[in-house]
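Take a look at the structures below.
Heads up, the next two complexes both have subunit A, just with different partners, subunit B and then subunit C.
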Partner chain A sequence: AALKGRLRSQVSAALKEGRITPTELCQRCLALIKSTKFLNAYITVAEETALKQAEESEQRYKRGQPLGILDGIPIAVKDNFNTAGIETTCASNMLKGYISPYNATVVQKLLDQGAVLLGKTNLDEFAMGSGSTDGIFGPVRNPWSYSKQYKEKSVPKSHSEDEESNWVITGGSSGGSAAAVSSFTCFAALGSDTGGSTRNPAAHCGVVGLKPTYGLISRHGLIPLVNSMDVPGILTRCVDDAAVLLGSLAGHDPKDSTTIQDDFKPFELPNLTDFSKLSIGIPKEYHAPGLSSEILALWSKAADLFKNAGAKVVEVSLPHTRYSIVCYHVLCTAEVASNMARFDGLEYGHRSDKKESTESMYAATRREGFNDVVRGRILSGNYFLLKQNYAKYFVKAQKVRRLIANDFVKVFRSGVDILLTPTTLSDAAPYTEFIQEDNRTRSAQDDILTQAANMAGLPAINVPTALSERGLPVGLQFIGRSFQEKQLLTVAKWFEKQVQFPMIQLEEVKRHDNGVFQHQKSASFS
Partner chain B sequence: MAARGCGGVWRRARQCGVGGPGSGPGPSPRGQRAVACNARGGAVPAGKSGLAPWIPVVGLEVHAQISSNSKLFSGSRVQFAAPPNSLVSFFDASLPGTLPVLNRRCVEAAVMTGLALNCSINKKSLFDRKHYFYADLPAGYQITQQRVPIAVNGSLSYSFCIDNKMSQMVTKTVRIKQIQLEQDSGKSLHDDTRSQTLVDLNRAGVGLMEVVMEPDMCCGEEAAAAVRELQLILQTLGSSQAVMAEGQLRVDANVSVHHPGEPYGVRTEVKNINSIRFLAKAVDYEIQRQIEELENGGTILNETRAFDSKLGCTVPMRDKEGKQDYRFMPEPNLPPLILYDTKSLPANMNHQQVINIDWIHERLPDLPSVKREKLVEQYGILPEHSFTLLNEDGLAEFFESVVKQTQMKAKKVIGWIVNDLLSYLKQHSLTVKESPVSSFLLADLLNLLEKKEISSTAAKQVFAELWKGEGKTPLEIVKEQKLELLQDQKELEQICQAVIDGQENE
Partner chain C sequence: QKVSVRVLDHLEQLALVDFRDSEGVERLQKAIQFADQLHEVNTDGVEPMDSVLEDRCLYLREDDVTEGNCTKDLLENAREKVEEYFVAPPGNIPLPKLEERDTFLQGS
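After this line comes the complex of A and B, so read on.
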């Protein structure tokens, strides 16, 4: 079906051949967004502008002058990217109702290539979290909670109330984007990835989640969490689509001084055939406490796949990775404290009614505008940056970060091309279970396998691999060398083909949406 | 090191010895000035310390606004007195998601200034965030260079005359600790009646060079002379317009006093100084105040004080925030600033992307000190006159132009420039460019004088006529007013004879 197809080979071709129009495609996505509203994946749906963009795209196709593969393709964007004219909230009271006057560079690039922006997706407030449960618009529900696969395998509950409480989280913080892609409401979505925020929900929602090399994609317009680690993330249904998106987004941006100077040459992924020169590293430290036995088994099965194909598979060591979480905690909170200082209620965003003095207005604004998680991080970050603490915490954390990054350099220098690791410790937790722990504990646990790549700025990708015993997606992560996305994606693509991850069967959606899915099916083609 | 380059010792605040190597002769009552500007009157009670001398120590932090078309990290225009908030980019207003992009021109201006102040230029410098909450600081932090600034370890030589006597010039040197690039803040306007604060962000993000001078000065006069020289250098380089009245040059003075052989005293920081004249006054007042405070058994607080130009004194500034911890951290959105010299310049580098220190060095204009030397050498004028020529914008050029157009010796021309032209300009508060007497007209006049066609008294009369700016040439004025010197001997004899005859007839 075009709606579930691959961008380059299927959807784009269908659009070109006129088998479906951009407007039809957009309308179907909008309808599906409505029927999956209970997932809470979107904060804002930009129906009107999306249809207008689709109409413009349609004109281009009619003239035979589409702008490229992305022309007419419905996409969604995490709500921490600025979008001109469409609310950008960061799922925070601080920015509720905030309409940015400009587009983030990545958003602009997508629009310039004809993509249709459906809306803005849900997240943890200011992307601080690993569940997509801590935003002011409520938690995102994992579409797999409503899949036939999960229903069949999870312990059957007799009462509908229990069913209601049985839904699992998407992971985060880009959970809205992952859920949007996973539930077919869009073809691709932008997330952001600071400690795993794209790969983690991708793993839980059974989609591809790419965190590119730091500096490859512009951060201009991405509301920062940790500037030195943030990268725009790409969520798609397959590795090929991720390569398409990467090609349309990567390259120098004069508005972001940390982007590479050179232009980026988009690539199509070849089929991997020669394994004789491929060396896959298995970092032993990723066999972390709490790693579920089924993921461990999957991981070693994946290693065997490569071995059997003829690749060299070696165990490697990244000894400093275990300090990654505590190190991240210091660096992240310090930058958060700094980045959040601008939200004082003066120029934009929420402003408290308290007016006794400028200071009391600041204090009330920030108390009312930020949730406990954000305020907690600001507090600890400011503590680490105090003159008497700076050397003890911040400088030390920077040094540890260097050690963590150097571990990777050494491993890659030893001849390893790609590292293979799990993305998460286990499959997605039910919401009721997840919220038993606080955000900080959760983030620390959930980022453990993804975060080191951010510390080192390396490209990493989650590839959906299999369903767990409970019928939920499980993914594995590939980490590549800096700016070697092509190699990374080529290997990921081969792996993706081997594992044949099953497509989600959204039973529940069918029930919820009064047959939109049925309509889809009848209108689809292959 | 105690007040290097400054031999000044104040005895009971009354006298300031000038001594020290290379300075003028013997002690002189320079401290009188400080006493004179003491708002509480001149009487200094005999303190417990009796006659123990005081050594004042003065260091300066100078903020010079960089003369550039656009701001340090954004494309907004830089313009003085534009309508409020008309020069504000998304970045300047700190809209979420915006990032700084370093302005090449600002870096070049800082490199030029660093080279002119004999600094070593750091080939790698870093940017930091300095945090504090203030209404005119939209991001909640200022981007500055706290750890590794762009230029360090320089020096500035400056001269001034003792007792206002042009003949007693003293030259001193102050060490430059560093020059750092940083963002200017916006402006807050407090409307107390309506109890509101209005914020203008036009200035927010304009590039500043903070020039930090070591505490090598010992009185207001030295501080003033150092800043004046810095101002001239900046204006010569074009790196800053450095007009204090427009806030392009802002000076904070750190002042302390101590006894010889003892460690430096507690220092105060004096802000709100908006002219060079007030700088001298503020520093001298503060020295005097501290000495009196200490001699009366009091203590000096490490505080920020503001200079009140109307009262001529410094007053404590209300510091609502108390002690600030600026929580410095590296600016993560700007890579290290890398500069090259010809040796280190990578071969295949795009010239638009690199700054070559040597290239800038080779193109530095003549600095004021060199210009003065050249003037003295070329025209044989007195060193102090070279200072006067450079102190007025365009005066040296005016002088040189006159010299070129007249047969009169430069040594004589300078008298007309510094005595006549300058005093007329001062009297009428005009700049050199606004002078109604052009260099051409003055040269014309001096030629008449040089050819002895008029007397020097008559020349002054003609000059006064020329000043009216009625478009007459000196020769026309001379003819009109019959001011010619008589060259014809016969005619002269006849006049003399007539006078004698007249006498005899009586």
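After this line comes the complex of A and C, so read on.
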């Protein structure tokens, strides 16, 4: 089970000892990507360059000089990160065929560590959406749709019909990355998180999704959505792996002036033993309308787990939570209106054939290049930024943002270390059901538990917790203090160990992956 | 309150994207309605927040040239170019007025 190993404790050792080579690892992942093509998780698979990177890594291991834990490790990157020489599309016609001349800083860092870049993953167009259903390459399918666990629980109408019509969404917008990690085609993937885009699909796909503190990881090369909230996200199969990735990505980048200048030291996660000084806050407003009773029960059980271990568990209040979606709606559309202005067809991307005037060419290019969701947000954003609306909407939203951020400050100041909340309102919806509502409505519903952390810039992580009655993953979210990722991940790691989330049972994976190390069978939390 | 055609037209010109159909206009109406909820919140005496890092100083580096000379790479992605120039259609020509534009708003 080479593909199922943990980075620090298993895969790295296996590579060093030569029990498996980077090339073998890369080939297995590439083969698995091919046989799970129906998931539509990848937009571009960089087979040639990946094998070349794997070969180079192998040479380093032979010389006994690997660059680090990530040397030779196959990873995937969401298609809104610039990757030199590899197409970057943002799942939009506007950037179809765009080959970036540079690597995003986070991509460069991974490559410098010897990671093997398998390809670019699918997303909602320009990361706008919560289902990974609205990109030009089509929707991403949740690997759990094809799991033994889900199939056992679903009532088949007829054998051939159920798989085709029953599949569930990954959540979004980093759905491709979540699906790629969940289906074992890579060990880690980069996503982005502006309103929950890493944590939401992580919850639905049963993987760990980390949103770091704003300012910790460079956004240089991440095609921006909301400059004041965007962060690169990390998706892995266990919390420890997320810490490894964080260690190689965090730190000041002179090319991104919004990264803090404090020294960042990569860390290993200790085992949590002393709970006497730990205070967990349960924000009552996160018991949002529409929260499934299953998730509510899991949330409660989780709180008890901490209480029984000796931690202080208290109910807290974040009174402005219910305004975070409205606030986000205004700030996001306003920043989008500004960020999307760069797409005019002149220097890169799609260009219309219209030649009458610069303006008419721009207008036609943008009409042809953007989907309805993107155009809708640009128009709304421009409305809120009109002179007569600016104070009423944009500045007002900025004020509400401060209130939301202050809610968190107050709670953390009162002695709470970590907040425990659900990540999503329910398990993944079937695609046919999801598309009944429009993108904006869905985003408003689905982002409700994740968005506020982006408002306040706080670190947050989804930890897969249990399977729902339908056999689909459900996760819980931990939110920490700014730049206290070590504490956040330490608590998350302990929780992960307690819940023993079951491994996905996928036919395809079984076929491609055979014994390099053992993996444990475990009882599940629910 | 419905947004007037004059404002819709103005938005299309500012944004350089069009509403395409009545659904597009409806979408804007709903977006405004949704945003109006903000006015329920009392924000007296609250300063607007630009960035969560407002308490820190922005990093400024020395004004030295450290990279460049990438003209060729940058021109690679442009569709229309001549030597080292990006080529644009003639500028200073305003978008045609609403009556003459190919936009859904014409029918309103």
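Everything below uses one rule, namely that the second predicted complex is superposed on the first by the 504 of 526 C-alpha atoms of A that agree within 3 Å, B and C clash if a C-alpha of one lies under 4 Å from a C-alpha of the other, contacts with A are read in each partner's own complex, and residues count from 1 in each chain.
One rule holds in what follows: a contact is a pair of C-beta atoms (placed from the backbone, for glycine too) under 8 Å apart; a residue touches a chain by one contact, two chains touch by 3 or more.
From a predicted model like this one, the values you see are computed outputs, not experimental measurements.
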Touched partner set for A:Ala337, first subunit B, second subunit C, both or neither: both
Subunit B versus subunit C as contact partner of A:Leu67, first or second or both or neither: neither
Contacts of A:Thr358 with subunit B and subunit C, given as first, second, both or neither: both
Which superposed partner A:Ala31 touches (first subunit B, second subunit C, both, neither): neither
Which of subunit B and subunit C A:Ala456 touches, first, second, both or neither: second
First (subunit B), second (subunit C), both or neither touched by A:Lys399: second
First (subunit B), second (subunit C), both or neither touched by A:Ile223: first
In the superposition, subunit B vs subunit C on subunit A residues touched: C
Touched partner set for A:Tyr348, first subunit B, second subunit C, both or neither: both
First (subunit B), second (subunit C), both or neither touched by A:Phe370: second
Common ground on subunit A, meaning residues reached by subunit C in one complex and by subunit B in the other: 101-102, 228, 254, 257-258, 261, 337, 344, 346-348, 358-359, 362, 382, 386
Subunit A residues within the subunit B interface of the complex: 81-82, 88, 90, 95, 100-102, 104, 219-224, 226-228, 254-258, 261, 334-335, 337-338, 340-344, 346-348, 358-359, 362, 382, 385-387, 390, 394
Subunit A-touching residues of subunit B, taken from the complex the two chains share: 90, 93-102, 129, 131, 133, 135, 138-141, 197, 199, 320, 325, 327-329, 332-335, 353
Interface residues, subunit A side, partner subunit C - complex: 98-99, 101-102, 214-215, 228, 252, 254, 257-261, 320, 323, 326-327, 329-330, 333, 337, 344-349, 351, 354-363, 366-367, 370, 372, 375-376, 378-384, 386, 392-393, 395-403, 405, 438, 440, 444, 456-457, 482
Residues of subunit C that touch subunit A when the two form their complex: 3, 7, 10-12, 14-20, 23-24, 27-28, 30-32, 34-35, 37-41, 43, 46-53, 56, 58-61, 70, 73-74, 76-80, 86, 88-91, 93-96
